[in-house]
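After this come two complexes, each holding chain A, first together with chain B and then together with chain C.
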Partner chain A sequence: MGRKGLFIDYEFCTGCHTCEVACKQENSYPAGLWGIKVNEIVLESLDKVEINYLPFPTELCNLCANRTVNGERPSCVKHCQADCMKYGELTELVKEMENKPKTVLFAPK
Partner chain B sequence: MAEQVFTNMTNGGPISVYVKDGKIVRIRPLQVPEEELKPWVIEAGGKRYSPPKAFRLAPPGHAERNRFEPHNRILYPLKRVDFDPNGERNPQNRGKSDYVRISWDEALNIVSGEIKRLTDAYGGSSITGMTSSHHNWGIVGYKMGPFSRFMNMLNYTPILDNPDSWEGWHWGATHTYGFQWRLGMPEQFDLLEDALKNTEMIVFWSNDPDTTRGTYSGQESAIWRVWLKEKGIKTVFIDPFYNYTAAAMDGTWLPPRPGSDTALAMAIAYVWITEDLYDKEYVAEKTIGFEEFRQYILGESDNGFVKTPEWAEAESGIPARKIRALAREWAAKRTCLSSGCRGGQGSACRTAYGTEWARMMVLLQAMQGLGKPGVSIWGTTMGAPADSNTWFPGYAEPRGQMGKSNIAKIKLSLQNKTKQRLFRLTLPEAIMTGKEDFWGDGFCGQTLDQQFIHNVYPMEGHSTVKMFYRYGGSFMGTMSDTNKWVKMYQSDKLEFVVNQDCWYGSEAKFADIILPACTNLERNDLGEWAACGGYTTNAHIGNNYRVIVREQKCIEPLGESKADYEIFTLLADRLGMKELYTEGNNEDDWARLFFESSDIAKDISWEEFDKRGYYIIPVPDKYESTPGMRWYAEGRECDTPDTGNSKRGTEKAKELGTYSGKIEFAAESLRQNMPDDMERPIVPHFIPSWEGYFSEAHDKYQLQIIMPHPRFSFHTHYDNHTPWLNEIALHRVEKEGYYWWPVRINPVDAKARNVIDGDIVELYNDRGSVLCIAQVTERVPAGVLHSYGCSAKYDPLVPGQPGSTDKAGCVNLLTASKLLSKHAAGMTPNSCLCELRKWEDLRNG
Partner chain C sequence: MGYDNVVTTTAWSPGPGCHGGCGVKLYIKNGKVVKVEGDENHPFSQGRACPRLLALTQYMYHPDRITYPLKRVGARGEGKFERITWDEALDTVEEKFSNIKAEYGPESVLFCQGTGRDIGGPISFLAYSYGSPNWIQLGLAGHSCYTPRLGAMMATHGDYAVLDAGQFSEKRYADPEYEVPKVIIIWGQNPMPGCPDGFFGHWIVDCMKRGSKLIVVDPRWTWFASRSEKFLQIRPGTDGALAMGMINVIISEDLYDQEFVKNWTEGFDDLKRRAAEYPPQKVAAITWIPEADIIAAARLYASAKPAAIQWGVPIDKCPEGSTVAQAIAHLWCLTGNLDVPGGNVIARPAYGVTTYPFSTQEMHELYGEEFVRRLNEKRIGAKEFAMVRNFRGWAQPDLAVKQMLTGDPYPIKACWIQTSNVLGGQAADTALHYEALKKMEFVVVADLFHNPTTMAVADIVLPVASIAEKESFRSWWVPLQVIVPAVEVGECRSDWEINLELAKRFNPELAKRYGSVKDLINDRLKPCGLTYDELKAQGGWIMPPENSASRPYRRYEKGLLRPDGKPGFRTPTGKVEFASKSYEEWGLDSLPYYSEPPESEVRTPEVYKKYPLVMVTGRRSSVYFHSEHRMIPWLRECDPYPIVEIHPSVAEQVGIDDGEWVVIENDRGSIKRKAKVTPIVHPKVISVPHGWWLPEEDGCEPNLFGIWDINCNKLVHIGPGAKSGYGGGAYKTALVRVKKANGAVE
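So, the complex of A and B:
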């Protein structure tokens, strides 16, 4: 079993913050703690406003080890409303990146 | 004790609630085994589209658990310390004074004693009351249920609601194409399939569906817009704010000045008429009054005033060449107009003369063949395949209300002897001056003629109101001109104010007696996801699955809070009317009666439903799609499951709801009833806003502020007392220990006022002053501010003082009470000028 990771297609992330809140709910985090945090990247230097959203797994993210051990997906992936997050083997996920622009791969722990 | 799992419903979607030792430890989207979910499939362009096997909650649904922190909740009955029903009442101290805990007995005795005293002295019409919108979900416990049954039993004076989210559609669009039973919003059946198959371009006009989500449908439709984007359908966003859907779909952004949208729409019509780019056959056969409209647009009437793109550029700031390009592309492609999450809505309809914009939206699409394949008015949030013929009660229809449904032996809500009415938007004026008049019946869902009824308060033979029974509360934060609500509460004309709520909303602390109600997670009920009935029949088509949930009592009510039905039963008992009120039923008896009146009782027994906690109505195997208004475009009888359409199934089934049965460029309903109204004329007109870029006040207050519906809360609900949402920096921003409400400002305007990102700023005009945190961004053009108009917290620097600067972001302190126009009684929060300056006094403030 290789290392696992989090694949995010940020072309389709809508910035709804559901992954963030679902993670807090999963881990019962108090205010001020996040397992994943959505970043808004606004580029205003082009001839138009360009906005992207990118969820970032923090220091606290363990890819929901307690869920994945039972075959469940991490909470953020499960609840992603735009279906733009995937969980899996890094070697598999990297293949997805070959064909899909605007993607990132995180290997948190 | 082992963990137990219960089912329940919120206005963000259905949930499973995990409880251990009497405490909620976890809330998830309703857990249903995947094999029970049979997703529909839409085939279009060689692809198969099918939704995920899961329910997509709105963000507040995921954060529901936060709302059960005891410090948020009203736990005990409370009495204002300086309120004495037998002595000094001190109404002027409402909003200022503290509260003291009292027993339920004392609280109920005071409330029932006041009801008795006032009824004996002045009659039932001296009592008024009103519910909040959507603080709970259910049929038995929610607003039209126990509250309506109780208050009507007292012969109270009802306060009519205004359709606050879609004013222009209700007061305007209905006169073009009917749909008055949907309060002006068009039917949305099967328009997802239509768009995937046929639409080549979508014009989002004043619409941010990723934020407004079909109102109660969680984020079920988000994946639809992913499909639309993947498919490469071109998108255009007309909105002064570069909204979240625009950010996600990456479309073309055209930001008009607030209040200029009607001019823009008329210039598009001008291009189509002068360049011969409209559907003449459709206009000839399916519409009336086009010639009058054409003359107005081309300046053959209206004193020669021609509605050219150059004129629209001067009004809107959008270059004429871009207007022409948009008009030409719109006409060349099969274009969907997405002008609000239910087809209708959007900020532009909540503005001065917003009727005219909404009318223009319908008329533009009529010029392109509204109802033909790919040519729709579709919010992109409704229109999934579903079984829409199976009926289940919704709270906004008589059959879903315990005072009106046939399940009641006595239909108490229909027996109110008081005919006097008040209107929400002018309630403060009515109370403070003792007289008021207004047009319409609030929600005019029965006939177009309801809009032409003139109401006078007080009505002959009735008392002015002296007691206000408030149930939930979100006027402060959502209704215009917040200060007038403060003044209303402090008026001595209101001898008694009671507030019954679950949380400390802004209004609770303006009451004399506060009664603690429990939420629908602490009592039994039942309800269907997103389906309100009434003003949006079949609203379940905003969801990928039709889900009916048995709302199970998950925990004991917090503190001494009680179910609404129990509170009203206890009051009825003290008034000697318990038997009349309850008919011997407890809350669960009503739930069962509602269940048994529904169509699903044929498919699942009460016992099984009660135990399993949910029922999913499957999509029929041989589903037949009936796209909204296709029947009209094709000259057929209405074939959609729109039960509100009173012509459906009759000999007039091919007609729309207008007087002529056709789309009316010149409105016959207006011609016959108000032919001289120049603020809502027979043919839509462009009328400059009384408060806009070109108005006199602009010299003093140079920023136009818009206040759309919020992204991370449900109007006021879930704001303020939900830490997980407060921490999303797009919702509130923490600075020096306080969570501030954001206002978005263009860098040019910020620089001119010496403001940088993250500064605390004061927004002010002649009506009010409010503090926000500045977010400096090009997502708003210069001259425009954006801030959501629904802070749940009202926190004036001087508590209870009208006019005091608010710290918590009640931007509606700035907005005017003025209505859409003289005879169109809608609110206008997006016609507002203000100024902004850096707040230097943060530490002293």
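So, the complex of A and C:
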């Protein structure tokens, strides 16, 4: 089995904070501890204001090992309201990137 | 962590605090909810969940939650409450209400609700059983939340309509009949953080992934605006002018659906004449939107088929909100996008199940003919406003608060407040509502946490069950679904339980019919042919049946909408009415028009000179529902401060740094907020999130959790602002100025 990763389509991440709270609940993290953190990037571009969000898995992210061992998706991926996150083999997720611009791939561990 | 069992239910409020609909799985261990997950088999949400739902355990088991009935023992505002039994609490309410009824009449008690919780049923059963016609959203200026839009839709096409995201079919986007809208106008809403009016906000994202292009109308750059084809950065409160300008372009360039207009509508020529008064150049001057963008947006929307409009509460808050909503509804009718796949589809609750009785016959059976006939005699606002008499039988909030203070034409002596933190939430002119509530002889608040309203005025506080603790049902468009109790917390009871028990004490007819809440729910569910238990056993939800009045599409062709079974619409003429007969009958202009906000650079230039910024309140947060959730640790840390969004050019001019506390003021008062300097707001606008109070601060008087320092509604006046009594709450158009705060606030 190869390394696993988190694929995020930031064209569609709305910054809704679901992944953050899903992670805290799953791991019983108190407020102040984050397994994933959403970053907001707001910039004035040529003729518009560009608003992007990008969730960043922290060093506490274990890719929900307790869930994936049972075939469940990580809690952030399952609950993502924009359905813009995927979990899987890095080699498979890279292929997704071939087809979809505005994406990033994290290999947290 | 192991679980004893998993309960499948429906998300609604209290808990996530929303308008509900998502499928939920509650994981139970030792009689407690230990985890919440989305239900992946549910057609509404497909396993997705919002942060508020995922933080449910912190909400249910919060140390500050009220878990038994309380009575006030000190002076109002001292914060001294004592535990009492349910019997004592309900006996007290019964006795006080009975005395008021005997001395002043039942209309002297207001039954006040907010939004969110499944409250319409419980509170109307109670108010009417007691005998008061005054069911009200106390504090909501102009009743400016969805009611103006609902009235406009009913007047225009005899039904309500919503953006079609395939939600009426269990197959959703894969349903062969469904088409994704080619163009979506998001008008005055950021659908991401909230799920307003039975609509899951991220359905718009689902549509974008399937190809929908966006036009966004908003004074702020939202995430959706940044991904739109056309962003119309509008002057707050001028949406009516924009809608008329777009109608003008669509008609003058022959972009309307000639077939639909010819066969199914009335009053087109009248509308054409009226729209001619709004050429794009004139509309551009009113709205701040460049003329070319208005024309381009109108062409983009009208040339796409199907196209749909997703609209928000700022439309209701425009002056004459019901007129603005009428103009926007005309857009989807003109373009033939009514009740077609991927358009704005007619929305009726599945199987026609309603939470509380609407039909006269049902009302007569429950409350007696005499009472129903006389509802409008004493209902506040019924004399003044035809729409209060004829469209939505709720008391008019702006008149109600004045009557609380003056006692004219009859005294108001008590308030039953349920699902509403009036002083920390929706009340415009907070100080006026504070004064009015203080005059009450008796105030009951049913809620889950202490808040500025309980602390300032409650004599009795009743502890309410969260979504995980109650038996209920949801019938708001689709699906029809049940809410299943999983656990108990303290002595909390559901709104249904509380109100049914009290209602029975006042109305023996109710006691004869309904032994339990489940009896009542089963009675309501009758049109679907299933009982509560049967619906629960088959997964908890059901979609409307094919070829029925509650399932799209093109029901007007099939004769499914009118009581007489003929094709057409449920309007006086049977057609879509561009010139509304109902509006005319209600003494209103039958055609839409634009009217200027009560305070603005145009209407009140002298005020504008002193206060040059338009304050828009009410932008939604993903982690809060209105005035709720500030005490929930997982949520508060995502959106920790009461902020104000200020454009960098304004910040520079006033000398404000990002993160600095600033003062926002007008002649009505001043508040403090933490500046978020950002280009997303228009340079002439500041955005001030509403519903802020600080649960971590002292709740006793005079502080009341800090509302006098931070509640933006202090700066908003009440009305009524609209001729119809509906619309015009100035929550989006108050003029203010911003200055540096002297000294640290933190």
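Please note the rule applied: the second predicted complex is superposed on the first by the 108 of 109 C-alpha atoms of A that agree within 3 Å, B and C clash if a C-alpha of one lies under 4 Å from a C-alpha of the other, contacts with A are read in each partner's own complex, and residues count from 1 in each chain.
Here is the rule we go by: a contact is a pair of C-beta atoms (placed from the backbone, for glycine too) under 8 Å apart; a residue touches a chain by one contact, two chains touch by 3 or more.
The structure presented is a predicted model; accordingly, all values stated were derived computationally and were not measured.
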item: Partner chain(s) touched by A:49 [first = chain B, second = chain C, both, neither]; value: both
item: Partner chain in contact with A:32 - chain B first, chain C second, else both or neither; value: both
item: First (chain B), second (chain C), both or neither touched by A:83; value: both
item: Contacts of A:59 with chain B and chain C, given as first, second, both or neither; value: neither
item: Footprint overlap on chain A, comparing chain B with chain C; value: 12, 14-18, 20-22, 24-25, 30-32, 42, 44, 48-49, 51-53, 78-79, 81-84
item: Residues of chain C touching chain A in the complex; value: 35-38, 40, 46-51, 54-55, 57, 192-193, 201-202, 205-206, 208-209, 221-223, 225-227, 231, 622-623, 633-638, 678-680
item: Complex contact set, residues of chain A against chain B; value: 12-18, 20-22, 24-25, 28, 30-32, 38, 40, 42, 44, 48-49, 51-53, 78-79, 81-84
item: Chain C-touching residues of chain A, taken from the complex the two chains share; value: 11-12, 14-18, 20-22, 24-26, 30-32, 42, 44, 48-53, 75, 78-84
item: Residue ranges of chain B in contact with chain A within the complex; value: 25-29, 52, 54, 56-57, 59, 62-63, 65, 210, 219, 222-223, 225-226, 229, 242, 244-245, 247-248, 253, 712, 723-728, 730, 747, 777-779
